[in-house]
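Submitted below is the structure of interest, expressed as structure tokens.
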Amino acid sequence: MDTFDSISPLDYRYYGNDKEVFEKLQPYLPETAAIKYQLMVEAALVKTLAEKKICSRKVADEVEKAAKTVTAAEVYEEEKRIKHNIRALVNCIRNKVSNEAKPYVHFTATSNDIISTAESLRLKDAAINALLPQLLQLEKTLIKIARREKNTLQIGRTHGQHAEPITFGFTIASYVSRLGGRIAAAAAAANNMRGKFAGAVGAYNASSLLVKDAEEFEASVLKKLGLKPATHSTQIVEPEFAADLMHAVVSAFGVMANVADDMRHLQRTEVGEVAEQFGAEQVGSSTMPHKRNPINFENVKSLWKEFMPRMMTVYADQVSEHQRDLTNSASSRFLPEIIAATFIAAKRLNSAMEKLIVVKENIRKNFEMGKGIIAAEPAYILLAAAGHPDSHEYVRKLTLLSQQLQKTFQEVLFNDAVAQPYLKKLTKEQLKLLQSPEKYTGIAAEKTEKVCRHWEKVLKL
Amino acid sequence: MDTFDSISPLDYRYYGNDKEVFEKLQPYLPETAAIKYQLMVEAALVKTLAEKKICSRKVADEVEKAAKTVTAAEVYEEEKRIKHNIRALVNCIRNKVSNEAKPYVHFTATSNDIISTAESLRLKDAAINALLPQLLQLEKTLIKIARREKNTLQIGRTHGQHAEPITFGFTIASYVSRLGGRIAAAAAAANNMRGKFAGAVGAYNASSLLVKDAEEFEASVLKKLGLKPATHSTQIVEPEFAADLMHAVVSAFGVMANVADDMRHLQRTEVGEVAEQFGAEQVGSSTMPHKRNPINFENVKSLWKEFMPRMMTVYADQVSEHQRDLTNSASSRFLPEIIAATFIAAKRLNSAMEKLIVVKENIRKNFEMGKGIIAAEPAYILLAAAGHPDSHEYVRKLTLLSQQLQKTFQEVLFNDAVAQPYLKKLTKEQLKLLQSPEKYTGIAAEKTEKVCRHWEKVLKL
Amino acid sequence: MDTFDSISPLDYRYYGNDKEVFEKLQPYLPETAAIKYQLMVEAALVKTLAEKKICSRKVADEVEKAAKTVTAAEVYEEEKRIKHNIRALVNCIRNKVSNEAKPYVHFTATSNDIISTAESLRLKDAAINALLPQLLQLEKTLIKIARREKNTLQIGRTHGQHAEPITFGFTIASYVSRLGGRIAAAAAAANNMRGKFAGAVGAYNASSLLVKDAEEFEASVLKKLGLKPATHSTQIVEPEFAADLMHAVVSAFGVMANVADDMRHLQRTEVGEVAEQFGAEQVGSSTMPHKRNPINFENVKSLWKEFMPRMMTVYADQVSEHQRDLTNSASSRFLPEIIAATFIAAKRLNSAMEKLIVVKENIRKNFEMGKGIIAAEPAYILLAAAGHPDSHEYVRKLTLLSQQLQKTFQEVLFNDAVAQPYLKKLTKEQLKLLQSPEKYTGIAAEKTEKVCRHWEKVLKL
Amino acid sequence: MDTFDSISPLDYRYYGNDKEVFEKLQPYLPETAAIKYQLMVEAALVKTLAEKKICSRKVADEVEKAAKTVTAAEVYEEEKRIKHNIRALVNCIRNKVSNEAKPYVHFTATSNDIISTAESLRLKDAAINALLPQLLQLEKTLIKIARREKNTLQIGRTHGQHAEPITFGFTIASYVSRLGGRIAAAAAAANNMRGKFAGAVGAYNASSLLVKDAEEFEASVLKKLGLKPATHSTQIVEPEFAADLMHAVVSAFGVMANVADDMRHLQRTEVGEVAEQFGAEQVGSSTMPHKRNPINFENVKSLWKEFMPRMMTVYADQVSEHQRDLTNSASSRFLPEIIAATFIAAKRLNSAMEKLIVVKENIRKNFEMGKGIIAAEPAYILLAAAGHPDSHEYVRKLTLLSQQLQKTFQEVLFNDAVAQPYLKKLTKEQLKLLQSPEKYTGIAAEKTEKVCRHWEKVLKL
């Protein structure tokens, strides 16, 4: 099947059509990887059998070697015949080993000892080796921008309305902090993925036939793969380990969606504080040759809308009847898509942020727009501190008055009789701040630095 | 990229690995189809330009011919250079035509005149030419079973508990009716998909430059494709047409999930009323050689859990800022996956139902289990009709008594003094029914036939 | 329990705390209404029994009268004792009638004959009597604005970027059209709600004991309530009728969320094209006395985020095992919340739109911002029409040049040698349009009028 | 408003109508609690102001005392006038204090310093004081059953099919382990809830006017409430802390849904291994007086279907524009509903499990059904261990043969010539196990004990 004959946009567009993405994800996320991981688990099993003297080391070596040569195509061919994917995998290995070794392939294992363990390991590796490095790269980019712009005065916005002054670096520090937290959560969840070797119903029925300590046997197999067993298993590993990882990943995607949305809005024509870089050959619109659209930020938001609802499937798959029903089988095959999409969005967002154009004159111009009115908040607080019993209401009315009179808030305030006794109590510095609200940025710059340093330390950047 | 290098299970497993599915869906759902439909729209445009004498018929023919030769690979190659997918498509056509024809390729169109229209048409065709025939096939299979089993006595179940008698055909008639309704809804929604040729912001700015009646021009282009225009467009067609189609499709999937779930439960070891057919070579379990699992029914339910939540994305994509933001662009690329998965589930369910083994002795055995107690409902009703002022409570206590005494409900009832005056008022037929509750099936068989005939007529089967 | 002791924000804030909302919704949506509707169904049943001579007219009158006096509190009290809600309801009626009448209360009915029918009717009435009038009111408000502003020149925006000219009325016409479509869909779905009187497993087991034509009996009961029977029922009505209604309602909410989002963004400080009206006493912020926030638009969007995902529950509830399991019982109790929230959002949005401040000077100012560049699209089209073989690319480069030279696009275009031969072919009118792109609004005003008229006709406004 | 005039089933049915639930949740989850927590935060603020000598201790005492007397009704009354909920709260306090104290009420705080902090604390307290004790109670009940039944032989089921033997205690141990993990996760997330006192845009603009170390000031206020500050805040606390808590809660609900589903299915008429206890007065069905339905288990599953999708809202609310938009305001008001529903389900499930009837004769009878075939798995493994090169396929065919011949698997196996050389190599114990598969329970009993002990230790039960 050709790439463009794929139905999934992940396959034909975002992964199959992007060499860099393909190379990063191919070891973990396609079906070839699923089968490779299953073969790794079969190899770990037979190695353990040899350690426990259940089979010979020679048999173990033979099986391990054979497992390395089995391909996805072979397995699918065999599955067509017998209609069972793991038995097909097992047959493919068995066909490549001696009669002596044959019985020890998959010995005592149930399909889901292999599948659950392989999938846990695969998702863990995909998170740790592919997704997290990409998220950390984005985190570094954000930290760099936050630091660089920590003193760039910007108007803070709430409800889409100008509120109080901050700095552009402080804006970015918000994402640094939130993404940092999500990276830590994803790393913890990935490192907590578990395997199982407890048989068809979880009671170690089969392995107990042959080994004294079936739990120790399970732990030995899993240790070879870098996993720990779940506290309890049925046919499958407790689904909550994967649910925690998916939650961490999806909520990291949520932070990225927020970054993307904010950048989109800051790029609105009237706001113009940032812009995506555009290539010289790049076409903005098929009919409006002049357009410069925030297509990368839009893409990140759009992918989030597609993949965030997939958590419903994760939660629905928590429910599996008795020692397991198979209604999570097809659906859990789609979990790697969530990691792929998050990786792709992170890569794209990082690239857009790395090249982000910060339009300082527009940031400044927007700040100037409502400069006067900004002083209303410090005015209300300083008047209150000076003893005005109802300064919030008093200042609220002054702002209405200043709009009616088309004067600046300061003009109105400093000329209003009521204000005089309180203004007299203020320090020079406080009075200056009321005149120059660009100084009213609180601790935006220091906080930015602090947040960056905090996450550099936590994430060992 | 090789099939098994795909990340999406749709691509590597359910579509790319299944020749029959591939052949049915390939004309509509992969990226090659998306591009083919866009080229069809470009061709319809230039044909209309010729009709309106804006370009020559020769130019139109040249463009149409060129459009037929453009491939997905070419378009993607060009997109890499200029980073705009529709402009890339346009360039690919332009490169294959004379200088005279070049200006008329995509003339006056905005990208989304092409994309929105092509996608509406593609989803419509996929629904009508691929999905609906498969759903109708399933409907026919269900009707066949319903009719065949309309007299097969079965215990009706509510809360998983035996309730009152029905027939197995009546059970199936429920799915006939519900799926029938969904097929009708999906057909209506598919036939109501709309296109647009209203330009970059929907006001026909560009086309109004050149044609007198821009709406008539739009209608002409779309008519060639078998579509009507939306009542109003911005850059995109009103999203509710596609939302209605997706709702119909997803809710049809919900009915199939219900069928699958019911069959799974009727196949439980203890119930055993139906069974999936098993191939002679088919392996049930990698470790339990004797297992016969309802894997097809499980698969249908599992796919539903994956795809049903995608409606969240459809609803989220209703919101597009102003004359359109692009945050629905990536996400709407995934809509064909919903149709693909519904098709795949329908095909699989149909195949499992066609070969469904109905185990009549178990259906009968289960019915016999609680045969006595079944009479409680008609007893309560007939006693009430005979004038007992509190027969529900009276009968409820008799059932408790029969359990305590380990006697049948009938023994207890017919020997209870209180009942006598009322029993005397009953007809022979009514008394017989109390003794033989297998007659207490209401109009199960007639209703089954009626439902089948109704939907055959509505769906023209 | 006091209003503010409620946990649900619907109860304590949006409905219980708003007299107008309370009065509109109280007849349909609270538990008192649920029970009132169940009593209505019980009354319709006994009336039909009398018609069919199964009981006397006197008995029927007695029951009907009694049913009118039963209260929710009584039913809940009785339910505490016997743990069955419908039996409790039945007992409450029975307690108020003579021994002669007692047997005919709920006679032959199963609980869900009452519940399914009552809920179908209640949701239908809630939609038709409460929600639709409110949505129609909003539609009228939107039509009024669209017409009033159909000539108010506005810059159309795609990707948050200035695109091509439209009018503000045309912007609003988009909502008129989309909401109009949703109202029509909701009305159709509401009028298609169905009832059932087919007994415990849907085969009319009980009613067949006493009436010849059980389906005719069902139809008679339902006709009294203005409902038709479902094509097939199990214990419950086919869930797809309610799913269709909920889809129509939720997708109508989606259109409102889009309106709200657009208004929010048009109210951004830098854009300032619209504003919510603010009361003289209204406080914008507890600390920033000057803030004027789009709180009503934000509220509508926020409620949509809460209620849109509820469709997942609707879809999940399609799956009910065999003749019914009860796992949809608690969840379906929440359906009225979706209607309540949509009503509340519609009312709030209508009120905000009715008082919407349209800031024409800002609309104009924003339009002027990029006035020059707007001409790029018509320039590209007119040059192409004049025979330029590659005018899109040519114009794209001119726009880059105009930015570099800090000249208007027109200056650059009219002075570029390459353009001259093509410009000469243009009509005076076309040249004028390139100079005055405010004329480049396509058919925005006519289309606005047309859309308004269309929906007035369809919706009989 | 009367309880039954509520629209929300939580209010009128599951909380408002249940005294025990009401008493547990009323301190945390209704609007009265929301306002009480906001008043607590206002009190903590003024206390800190006094500590920092910004106001006098007397003023602080006066405000704290006044705050304790403000009621929800008062606040709502004032909000109607000024249309701002926190300013209304502030006014209510201010109205009760001296002019000297007035300026210090809410001093330097923005609304969301109060709201975000109060909500974090409220959700934390609701989780720790109400929800977790209920979940722990359920955990204890499960542990008790697991231990009690750890030796009760039961057939393990996969795909709804009999698989291999376990014990009923082992079945329950699966829930012990999974719920245990979720309780630990919920406790961790609850204890990690954060507050903020960083002002309108998060940069401590206002507080920096008056205190030297604004972060230290924030920490002081929050410490009084038992909270730590978020690493970074905008107008609101980073939303991921609440998202983590909701994920833990919703995934705990998922485990309960699984328990409920399993119990429902074990209560199916044909399975009959467990039963919900029924009261003597309890009515099972309005028309089938004999029905004993798993209504509590159904209710738990049904509530899960309603509340699990609410995570979509939680994820959607991660996205808040710039320093905050208000589109999470209404939606976040619904978070307490998730905790309420999880509490209610846990309580109900606990009560049903406490009284669970374990029907040992049915458990045994079901086990006997397929006793023979169970031996297929150990047979395949032991034959393989004895050197059979293809024992899985060999045994698979024997099981088919045993079904054809209507003999037990053992009869067929022990009489088959091929098996003889391998059977000879088995130990007596192994041969005995093949004859008596009830011994083939692996380490089910020991593992059950181990899992119980593990979670007792981790959760300090």
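Note that the chains take the letters A, B, C and D in the order they are written out, and that residue 1 is the start of every chain.
Throughout what follows, a contact is a pair of C-beta atoms (placed from the backbone, for glycine too) under 8 Å apart; a residue touches a chain by one contact, two chains touch by 3 or more.
The structure presented is a predicted model; accordingly, all values stated were derived computationally and were not measured.
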item: Set of chains whose contacts include both chain B and chain A; value: C, D
item: Chain pair, C-D or B-C, that carries the greater number of C-beta contacts; value: B-C
item: Whole-Å gap between the CA centroids of chain B and chain C; value: 24
item: Centre-of-Cα separation between chain D and chain C, whole angstrom; value: 33
item: Multi-partner residues of chain A (each touching 2 or more other chains); value: 87, 108, 157-160, 163-164, 199-200, 206, 264-265, 283-288, 293, 295, 298, 308-309, 312, 316, 325-326, 377, 381, 392
item: Contacting residues of chain C [partner chain A, same complex]; value: 155, 157-164, 264-265, 267-271, 283-295, 298, 312, 366, 369-370, 373, 376-377, 380-381, 392-393, 395-396, 398-399, 409
item: Chain B contact footprint on chain A (complex, rising order); value: 1-17, 22, 25-26, 29-32, 35, 72-73, 76, 81-84, 86-87, 90, 106, 108-111, 114, 199-200, 206, 264, 279, 281-288, 293, 295, 298-299, 301-303, 305-306, 308-310, 312-313, 316-317, 325-331, 333-334, 336-337, 340
item: For the chain C and chain B complex, residues of the former touching the latter; value: 54, 87, 94, 99, 102-104, 107-108, 156-160, 163-167, 170-171, 173-174, 176-178, 180-182, 185, 199-210, 214-215, 230-232, 234-235, 238, 240, 243-244, 247, 250-251, 254-255, 257-258, 261-262, 265-266, 308-309, 311-312, 315-316, 318-326, 377-378, 381-382, 384-385, 387-392, 430, 433, 440-444, 447, 451, 454-455
